[in-house]
Amino acid sequence: MAAWQRSSASNGTPAPVLSVRNLEVRYFTRAGTVQAVRDVSFDLHAGESIALIGESGCGKTTLGLALLRLLPKGARIVDGEIRYRRRNGQVIDVLQLDQEEIRRFRWQECAMVFQGALNALNPVLRVWDQMLDTARAHAALSRDEVRERSERLLRMVQLEPERVLNAYPHELSGGMRQRVMIAMSLLLDPQIIIYDEPTTALDILTQRAIIEVLRSLRDQLDFSMLFISHDLPLAAELADRVATMYAGKIIEVGDVREIFYNPRHPYTLGLIKAVPPIVGELYDISSIPGTPPNLIEPPSGCSFHPRCPYARERCAREVPPLYEVGSLHTSACHYWQEVKLERQVVETGD
Amino acid sequence: MAQAARPGQLELAPPGLGQRLATAVKVFFRLLAHSKAGFLGFLGVLFFVVLALAGPIIVPDAGRPDMTKIYQPPSLEHPLGTDYEGRDVLKQMLRGGRAIIVVAVLAATLSTLISIAFGALAAYAGGWLDSLIMMLTDVVLTIPQFPLLVVLSAFVKLDRPWLLATLIALLSWPTLLRAVRAQVLSLKEREYVEAARALDLGTTRILFGEILPNMASYIVMSFTIGMTAAIYAQVALYFLGLAPLAGENWGIMLNLAWVRGAIFYKDSLMYILAPVLAISLLQLAMVTMSRSLEDVFNPRLRES
Amino acid sequence: MTEPLIALDHVSMVFKARRGGVKAVDDVSLSLEAGEVLCLVGESGSGKTTTGKIVAGLLKPTSGSVRFRGQDIWQMDKARFKAYRRAVQIVHQDPYASLNPIHTVFTILATPLQRHGMVRGRAEAVRRVLELLETVDLTPPESFLFKYPHQLSGGQRQRVSIARALTVNPELIVADEATSMVDVSIRVSLLNTLQRLRDELGVGFLFITHDLAIAKYFAWHGRVAVMYLGRVVEFSPTPALINDPQHPYTRALLAAIPEPDPDLTRRKGKLQLRSLDIPSLLHIPPGCSFHPRCPLFEAGLCDVQRPDLVPIDEKRLVACHVVARERTGTIAKHAASPVGISSDPVIGADLGEYGKESS
Amino acid sequence: MRQSAPVARAPAIPQLAARRLLGAVFRSYALRRVLKAALTIYLVATLTFFIVRLMPGNPVDVYIHTLISQYGFTYDDAANQAAALFAFNPNEPLLVQYWAYLRALARGDFGMSLVSPGTPVTSVIMTYLPWTLFSAGLGLLISFLLGIMLGMVMAYRREGVLDHLLTAVGSFFQSVPNYLVAIVIVVFFGVQLGWLPITEMRGAYSPGMQPGLNLAFISDALYHAALPILTYVLTTIGAWMLLMKSSTLSTLEEDYVTVARARGLRDGRIMRSYVGRNAVLPLFTQMAISAGFVVGGSVVIEKIFVYQGIGFILLDAINRRDYPVMQGIFLIITFAVVAANLLADLLYSRLDPRIRVSGGE
């Protein structure tokens, strides 16, 4: 394994656990090359929680899969670096690992919980067998150790260990399966857990239960989270920082309060205005005109310009860099100074 | 509401029949070209169909027995040699396809009709009728078809094409029926079918306009599979001598070549190989064609 | 007194399952005036879709009656039933399954027009179809005429579905999660289109959704019925339901929904439910079906006696023993505190030790 | 909610007990399958009875007629003679005959051979059936196991050279009727090239061998069964391969496979327990068709290779119009196919926990 860089704790701020630089992912299809992830860079620090938000087809799930090198056939990482810092300070490039090394990296260092989880467990094996499979693939733990650990984790996610471990997946409800996956993601005590739409397709009360479980796990365990979601409220609920993705690019990154109260990219602004709060007054809501772009031939300049109310001639020509727009807040919009969230109350409740 | 009756709008007519037909033919060939094996299969089937139609016309009779020319090797006069009675093998080959294909088409038509009618009925009626039809289907599906056919041949003289076809069809519908039923069941739960019910389009329109067209590829595929099954069964019956050896067809040739010992002479090798090859190629062509049919009927693939 | 457009009267629907019956809808009574918007809100398994199909006459309830302008639809003669059928249309959730893939947009829209003799000849059909496409904001309409569904985006397909419902000039559209499968950025404009139909054509809506935010936006001037395990548990005007929920289940729902506002959402406390698991429809709890999860649960009452949907003031109906007693009994002892919101940690209580020893 | 039919009314009280019992039966997957198998056999037996009894020119009448016209029997004597042979009395009402026939079947009594007087049909079956079970069963098993293995390889290496080659070969042998393959083997490898001692390989085992469970006899039996087995394998393996390939491809798309990779499981483990086990499940439903096909094919194949199994004897019986033997063999063949299906169903339910609990189709 190439330990080509040691972390330097000299400058005060600890080096990030995960550092992605200029990542490019493409799908090679018959219709053409899809630029699913374009020039994505971000850092994830220890104990931090980042939400990656964007609509379907913006490349967020591809990005998540790329971090574990789990891309489907036909997709390839064509450029970039994914630097990961182990607990002992050693930094590795995930893209340089060989097959066996990447296998061991998965789950032990970085686990991933997938969307909905209805089908994330093998239907023909009991939950216990799958727990054991996971542990055995990585560590030489005894049966009893795995049993004990699984039981404790299942209790932490509010499940009865005896019943759940002996169950087949179809005997559990969707919410229970998702909690099993969350417990399983913690089995090997990874530094990073990626959650890809962890609450989609679950009922509201179940969603809430999952959110509470995640929140309390975060309070007590030491891991970083990367959320991938189209659901703004989930980001507001669980993220420390938010990154907005559009057409394969990260177009705005900032502290969660910055993003929600002071968005500086017209797309983020559009998303926020499309999803008003439930309680309280009735706000004016509006949608973003047009349709998401085709990633085989993304629009020139700023990819959002065909749908953007702030767009000018320059936007079609010049790709906007990530401008520094506030403290630790960047936005890829030439005219970010003009973007401002204003909400209109249409009517108040009786 | 916006007034859409702008002048010039009314000329906007849907494409005419000729234009549609032209597009359909174009798309068909493009798709078949897309799957080379499928296209070859299609050509193969076309060839055999033409042969079945034209063969007996080109060769009005197979010639008389000539004991002086028994088991001759291939020559210019007899490209495939002669048989045990000294008749030309090629002439028999050209004439021998029709009977086989006619019976296959009859049997496949009948079994496809049975399965569509009863499969759709079972799916639509539900309840005890569905249970009854499915129970019968499962039973017939489990009975080994060929042995039953063999046993039946001991009781029924299979000297009429329609009789042979009916017997074969009566045994080969269950697989397709199950598929049709499953397909109708899933299609009738589709939201567009429900919307059609809400729009009061009528059962006939829903069945023939919304459900059956979505099964076209399925039905055509099953028809081809039904034909291959029928060819398998009837040639086997002829080969075993369980169907009367009257007339000329490839099955009878196979039987005679085997029974009269053609396999032991190098010179008469073509006598037995010709029907073997013809039947194999016909089956192969139909199977490959049916595989690529799925694409032809899938509207998603029509564009681009 | 005029008859409502549609009224469900003690309607129940039991589906046959391998292990006995599944009561998808249980004794539901609702009524809808012409041009009204009524939202049915509930989670999966609440029976909202089944109720929608009963309203649309696509399912015949196992008991109770469905009345259209005062007449039981299952006892109507053919002609009247046909009139009813056309008056109530349905728009489905899945834009990929709701249009027949083998037909063009023109065929999809022209078939019902021609079938019901609403247009004469092809030219008129084309004109009317173009008009409909324009009504649902598919512009320019000519470019959509001969497209197949697979050539359209999800939002565009939903619009075609709406146009198809409009072909027969319905008075009521049952919109079953009609916007939940399209992207957030497009959803609002779809809702706006629907709202315009209501305003301009006077079409009423039975709007079925699991998303209270959508219900709030679409039915602000209408009413919301909250369903739980096949029953309506609360029925009231939208603003009152959102801002002053009465039934413990409604309160839990509102408390559970994350808000797109970090401060607001983190102020919402933890859920105070007694159980996280939704009972199976095969074993619906006796008494009030919410009692195993309800924070207001009173033993001997809630698990024994089924609460009726009763008025608690002039506009609102609630099916809860405790709330009804407090609101209508002598005088409420304390103003209903928002039950769902509390800071007591109920979930995650025994997370204690694991964090410490994780290597 | 997608359930179909609404329940009409609650059942009346007396029906409840019966309903509960039926309910218990229907809940048990295994029990349901056994009942279905029994029902199938019963229906086939009935069908056979009516074919034999009611078809124009049915064998009993033919036999009686022969006895009267050729041997000068009186009708009564002839009828009695026939009754002894056919295990039913043609003079009795049809339903009585039917009942007697069923009772005889239940005792395992298939009647007597017409052509070889004094030989019970059961003994004919017992002599020849084992060889068909041996060759067809082994062929089916080899073809299934080899097919799913190759199918998985094809799916894992899809679009590769091996995939294309196996697809072509598989489709070819799937399309070509099995008896044509057998004919080609005999004509080319047996007669023209002389590579195979085709006449020596005839029969179920070499003359003079003492049947027994010893190595010498088993290898001799295998030697004689080799060509039928080869034919069965060649002509059915294509179907298994292609089915397994497409099933594996769709299983590879499943979330749990991606998740298993994300969990860092070893490839071998994923291939066996996550992909293989799930991909093979849908293939069990094809067992019915395949078992019927192989057993059906055995009639022609055994004739071509002169392998004395039940198919060979069936043809022999048909040619000699030995109706009781025909009928018995047909019943026993059906029984074997039903049993094979039952076995596949039960095995399937062991492999898929969802079936065990819900009993869904």
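Read from first to last, the chains carry the letters A, B, C and D; within each, the first residue is number 1.
In this text, a contact is a pair of C-beta atoms (placed from the backbone, for glycine too) under 8 Å apart; a residue touches a chain by one contact, two chains touch by 3 or more.
If you're wondering where the values come from, they're calculated on a predicted model, not measured in any experiment.
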Spell out the chains that contact subunit A while also contacting subunit B.
-> C, D
Looking at B-C and A-D, which one has the bigger number of contacting C-beta pairs?
-> B-C
Rounded to the nearest whole Å, what is the centre-to-centre distance of subunit B and subunit C, using the mean of the C-alpha atoms as each centre?
-> 50
What whole-number Å value describes the gap between the mean CA coordinates of subunit A and subunit D?
-> 54
Counting in whole Å, what is the centre-to-centre distance of subunit B and subunit D, each centre being its mean C-alpha position?
-> 25
Using mean CA coordinates as chain centres, what's the subunit A-subunit C distance in Å?
-> 31
Taking each residue of subunit B in turn, which ones touch at least two of the other chains?
-> none
What parts of subunit A, by residue number, touch at least two of the other chains?
-> none
Spell out the residues on subunit B that touch subunit C in their complex, using ranges where they run on.
-> 1-5, 9-10, 12-15, 190-192, 194-195, 197-202, 205, 209-210, 213-214, 299-300, 302-303
Spell out the residues on subunit D that touch subunit B in their complex, using ranges where they run on.
-> 2, 4-5, 36, 39-40, 43-44, 51, 55-58, 171-172, 174-177, 179-180, 183-184, 186-187, 191-192, 288-289, 292-293, 295-297, 299-300, 303, 311, 314-315, 318-319, 321, 323, 326-327, 329-330, 333-334, 337-338, 341
Subunit B residues touching subunit D in their complex are 126-127, 135, 138-139, 141-148, 150-156, 175, 189, 228, 231-232, 235-236, 239-242, 254, 258, 263-264, 266, 269, 272-273, 276, 279-280, 283-284, 286-288, 291
Counting only contacts in the complex, subunit A reaches subunit D at residues 68, 70, 103-108, 111-112, 114-115, 118-125, 133-134, 137-138, 168, 170-171, 181, 184
In the complex with subunit A, residue positions of subunit D that touch it | 254-256, 258-266, 269, 273-274, 277-278, 281, 351-354, 357-358
